[in-house]
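Got some structures for you, see below.
Next, two complexes with chain A in common: one pairs it with chain B, the other with chain C.
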Partner chain A sequence: MFKFILYRLLQTLLVLWVIVTVTFFLVRLAPGDPFSAERSMPSHVKERLMQHYGLDQPAWVQYGNYVSSLLQGDLGPSYTQSRNVNQILAQTFPVSLELGAWALLIALCIGLPVGVVAAVYRNTRLDYVPMSMAMVGICLPTFVLGPLLALFFGVWLNWFNVSGWFGPHDRVLPALTIGLVYAAVIARITRGGMLEILTRDFIRTARAKGVPFHTIIFKHTLRGGLLPVVSYMGPALAGVISGSFVVETIFQIPGLGREFVSSAFNRDYTLVLGTVIVYAALITLANLLVDIVQVLLNPRIRFEDS
Partner chain B sequence: MVTDWLSNSRKLGKYLLVLALASWVGCGDRIPNADQAVEQGILLKGNGAEPRTLDPQKATGVTENKVISALIEGLVTYHPTDDNEAEPGVAESWEANEDSSVWTFHLRDNARWSNGDPVTAHDFVYSYQRMLTPELAAEYVNMLFIIENAEAFNRGTVSDFSEVGVEALDDHTLRIQLVGPTPYFLGILQHYAWSPVHQPTIEAHGGMTDQSGTWTLPGNFVGNGPFILSEWRPNQLLRVERNPYYWDAERVALNGIIFFPISDDNTERRMFDSGQLHVTNTVRSNDIPNLRRTQPERLRMDPYLATYYYRFNTTRPPLDDVRVRRALALAVNRQRLVERVTMGDQSPAYAYVPPAFDGYENQTSLRHDPERARELLAEAGFPGGEGFPRLNLLFNTLEDHRKVAEAIVSMWNEELGIGMQLENKEWMVYLADQSQLNFDVARAGWVGDYLDPMTFLDMFVTDGGNNNTGWSNAEYDELIQRAQRSRTQEEHYQLLMDAERILMDEVPIAPLYWYTRIYLIDPRVKGWEPKALDNRPYKYVSLEAE
Partner chain C sequence: MSFPKSLSPSSKRLPTVEIQLDQIEEGTSLWQDAWRRLSSNRLALISFWLLVAMVLFCFVGPLLTSYSYRTPNLDNALQGPSWAHWFGTDDLGRDQLTRVMKGGQISLGVGILATTVSLIIGVLYGATAAYLGGKIDNAMMRFVDVLYALPFTIFVILLMTLFERSILLLFLVIGAVEWLTMARIVRGQVISLKRQEFIEAAVSMGLSTRRIIVRHLIPNVLGVVAVYATLTVPAVMLLESFLSFLGLGVQPPMPSWGSLIKLGADNLQLYPYLLVIPALFFSLTLFCLNFLGDGLRDALDPQSSKD
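On to the complex of A and B.
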């Protein structure tokens, strides 16, 4: 198992290096530069600025400098903020992570029970009604759901602030916005996974043997039925965190998603790279984690070396 | 296994709850809502984008200036009501020599930095030296090029700063020698590029030319304005509190201001509606008709020193023909544009300089005249639009610009029989295309930097950095140059009026409308007067419960 993990971590490093290299040259290909502005500055001032940040050098020299400072853990200065990239990531990533964790928690707490109930009582109202709602939930994008929740619970009922990230109550609406969409997906996946297991022979055998209903569901069915959900959790975690840009904008949340998008618009090369590195690492690690959990849950899968 | 996993997720939940509580406790002061804030005397203001820096000599934007003007005060500052007047700031009085080329400022002796140090003439000399030092690479440095030898020092041809025309005659007397007569100097001097900075603070945080800006962070920042910086949480809020050392502290009515950087206009509107803001930064144009009906007492639409216009690429046929450009400019019904499309009380612009200056009258030959437009187009060889090539109309991706572009293109189609392709591009690509003259017609907007028509007209001199039309006219260049050195305000305005006439005759640009600043304001905010540059001295603003 450790050999497997080590091997995968090495793979991850290789992937990260490729991503950094491609991103490094791609952002420089985009028109404009970090100091483009509507009101153009005197050309000698711009030359000074480019010189100060080493942007006047050939791209491969810049690349060498960047990689060597990256290896020392220095992601460089931001061209558009008073904080450097390390500080920006350190301040914004925990926010996105927290938001993502709350959202996934909500998604699981709602999605799992709904999916299980729908599967057990399939083709009844307990199946049709929640599954139809889940379909609507999947179709409803966050940029519609978020403002609706803010309008209803914030402006009309005044239960929550419509924006901000100050107290625990400020977590509710944004986490719900992301969480509800994922809850819908999880409910459908859970239902599908459960149904597949419920029709298996060993369940029928267990029933015939008189195993109590709840034991069949919780002990025998859930274990296999949840496998698709587990494999979904990796992409979901990455998706929740990297896709939080819209929700962070709607609710004024100082997270990583906004930095990711605005840095690309501002041609803030170092910040683009910093956020890309974090996201890439996150996605590869989440997938690795899912693979490990898959093995632990499913007796039919083994690590290659064990 | 599953139960293990479930219990783990429960642990995760607990951990998250602790994390949330910790971050909440760590927040310190709670954010008041609009009602509580009125009682506490704290103004809650939406402020657009996140400020990139609070260093007045590195800042380049309107959002930055909204905060900086609360923290730092220049020699003269914004007048609370009259845009053509300069309000005394650190300088209590000043005089100019006969031709307005040498200005002497008398600094008040009770002006203090927020750490208690006195503000002296030497601070201003240091600040201008810092601004002009080539290594600082200040983007707005050319604001100071009207000082004698300033440009030479910044370009490195003069290395001794004592040759630059700034001198502290004593602690409280500052003399500024300009390159020539500049009767409108006080207007320029209100710009934040002329702000003083605190030398010991700058030196303690990386020195004069440090680019990191750490001296501007809370705890480090030392200013001389009515407020001091107390908290800066990026993308969340920026809080300033009353500065006890400010020389006019008694007049300051507010106890503090919280600036909220809000990137989404809809979010800002919801914050205002639910009582989280007193003043918004903007209003979506779609909301204006409804707000006019439902909240007219909160909706403000103030004239703004800014022009919305279209650039023509005069290096490409057929736009290199002045008759074609003129035909396009004459065919636009600007009155209908502002009434039906922009809808925010904007004024139709038949000239370039916004009407904000006493004694300056727009000179223009533009009007709405589709008849003449058709004649001109026919003279240019395109009768009824026949044979007119399909041009592109470039604009940066934004719904409001698209609406204007669609309206204009349909007017051109209706009146002149020509078609045009809309082409929206992302901001940086749009900027690059404009500066490389890679467009036919391009949407543009210009906000004045200071209160003088010069801030609009000097950009169209030959090869000017913001010209971006390929247009060049020797007579225009000469008029601008003479206007920069005219001895009296009347002469200055007359020369600029002559220059504007040439610009409007040659139409390298077609002005469309003059902007308004559109925002929502809580009626409990007092002393918030319309200002041409939307700059107001916060010390005159107050909050009164009704």
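On to the complex of A and C.
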């Protein structure tokens, strides 16, 4: 187990390094620079600025400097804001984290029970109705659902604010927007996973032995039936992150997603890199965690195989 | 796939066998079977005809309206639905009906083109890996695994913000993301087919390599590819509209359903029709494509269950 985790941790670090490197050169390959937006800037001022930030040096030197300060935990100054990247991340990341956590909570709290019920009562109304609704949910992406929810609950019913991020009230619509889509996907995956286990011989044996119904579901089926859901959590997290780009724009939430999109527009090199590093670390670490949980849940996956 | 020459005798020596084989095959082909199963699936059939209607609406419709999707008419801005403008007008006074049609052209067009790009890359890559096998196959699929682990949406957004945006870049980028799953599916299919008995039987019956590939391998791979391609189109449309929503996809004055929804989202307090109509068209199309894909999967691959 320890060897497996160590191996995967090294792999994660390698992936992170690749991401940092690719992003670093991608951003610099692109036409334009952080100061090209301000047209009125005299050329000698711009030169001084480039010099000040070391942007006049060859790309390799810049890369070396960046990586060495990154290893000390310094993500560098922002080129378009007065705060440095560490401060920006410290302010915006908790907001996005909270939004994402609520969204995942909603997705799991709705998706899991619905999927389990649909599988247990398969081919009845308790299966068809929620599963058709899940299909609708899958076809309603965040950027459609978000504005529609805002229109319905914000404008017409006037229950919530249409935008902003102040009181607990303001968490509801954004979290629902992201959460409902993934609730639909998780419900489908849960149903599939549960069905696969429920048709196995050992479940029939347990039934024949007279094992109580809830024991069959909670002890025998859930453990194996939820494996597909666990492996979906990695992609789900990545999806929640890209959902946050949209939702934070719609509901005007001061989170990391909005910061990422606007920093890429402004070519704020260090801020783009900083956000990409945070996202990449989050996703790769989540994948690592998912792998470990999967091994714990399923003794048949051998560590050596991975 | 190649077979030793000794195993495939020339057809001249066994003319009678060849004719009988043709007659047997004419019974029911894979596609006839599939069509029969698909037509009995009412939901998939409705989705199919709705999609046909949607394509006609988007591609023929603009020829029938007297408005342009790009010429602004500021005197007429933000009018609600009326007889002159069924879907109202947008913030620059352009006819929203025409713009929804044009946006559908872009969304469907990008969906289909990017799927084709992913199809070509994926099929070639997957088939090559499966055909070569061994260490090369292993290395090729490991590469796909590594790409899978990368947070791709972030890179797509980066590419679209940093470089000059064009529709060409848009569907190259999307196609480049979506080919991964296609490659995996094709590889798995080819490998399992290579080992199956009916291929062995075909070899032992003395069918030529070309005939085996054309009549047995390609149709079997094509089924799975067709199913997956139908399911890729909505995924691609989703990604395109997601980018257009963020302002990173198609550029104005060209509309896409994503950018129309964005306009609606910005004006939802006062002009909800700008949001509801494009959202409805977009969701309906995704819905139909997903149901048709599910139906095709059941029709072409009856062994695989729905979930």
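In this text, the second predicted complex is superposed on the first by the 298 of 306 C-alpha atoms of A that agree within 3 Å, B and C clash if a C-alpha of one lies under 4 Å from a C-alpha of the other, contacts with A are read in each partner's own complex, and residues count from 1 in each chain.
In the analysis below, a residue touches a chain if its C-beta (ideal position, glycine included) is under 8 Å from a C-beta of that chain, and two chains touch if they have at least 3 such contacts.
Remember, it's a predicted structure, so these values are computed and weren't measured experimentally.
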| said: Once both complexes are superposed via chain A, do chain B and chain C end up clashing or fitting? | reply: clash
| said: Contacts for A:Arg267 in the overlay, against chain B (first) and chain C (second): which applies, first, second, both or neither? | reply: both
| message | Which partner chains sit in contact with A:Leu148 here, chain B, chain C, both or neither? Use first/second/both/neither. | response | second
| Touched chain A residues, chain B compared with chain C | B
| said: So in the superposed three-chain picture, is A:Gly192 touching just chain B, just chain C, both, or none of them (first/second/both/neither)? | reply: second
| Where does A:Asn158 make contact in the superposed view: on chain B (first), on chain C (second), on both, or on neither? | first
| query | Touch check for A:Gly167: first (chain B), second (chain C), both, or neither? | reply | first
| task | Determine, under the contact definition given at the top, whether A:Asn86 touches first (chain B), second (chain C), both, or neither. | result | neither
| request: For A:Gln57, select first, second, both or neither according to whether it touches chain B, chain C, the two together, or no partner. | output: neither
| query | Which partner does A:Leu108 contact after superposing on A: first (chain B), second (chain C), both, neither? | reply | first
| said: With both complexes superposed on chain A, which partner does A:Leu296 reach: first (chain B), second (chain C), both or neither? | reply: first
| task | Report, in rising order, the residues of chain A that make contact with chain B in one complex and with chain C in the other. | result | 30-32, 147, 150-151, 155, 162, 249-250, 265, 267
| said: Going by the contact rule set out above, which residues of chain A touch chain B in the complex? | reply: 30-32, 35-46, 48-49, 52, 77, 80-84, 88, 91-92, 98, 101-102, 105, 108, 147, 150-151, 154-155, 158, 161-168, 171, 218, 222-223, 226, 249-254, 258, 262, 265-267, 293, 296-297
| So in the complex, which bits of chain C are touching chain A? | 146, 149-151, 153-155, 157-159, 161-164, 234, 238, 241-242, 245-246, 258, 261-262, 264-265, 268-269, 272, 275-276, 279, 282-283, 286-287, 290-291, 307
| note | Note: in the complex, chain A contacts chain C through residues 15, 18-19, 22-23, 26-27, 29-32, 135-136, 138-141, 143-144, 146-148, 150-151, 155, 162, 188-189, 191-192, 195, 238, 241-242, 245-246, 249-250, 260-261, 264-265, 267, 272, 276, 279-280, 283-284, 287
| field | Residues of chain B touching chain A in the complex | value | 1-2, 5, 9, 12-13, 16, 19-21, 23-24, 27, 30-31, 50, 52-54, 60, 134-135, 137-142, 154-155, 211-214, 216-217, 233-236, 260, 262-264, 266-267, 270-271, 273-276, 426-429, 431-433, 435, 445, 449, 465-466
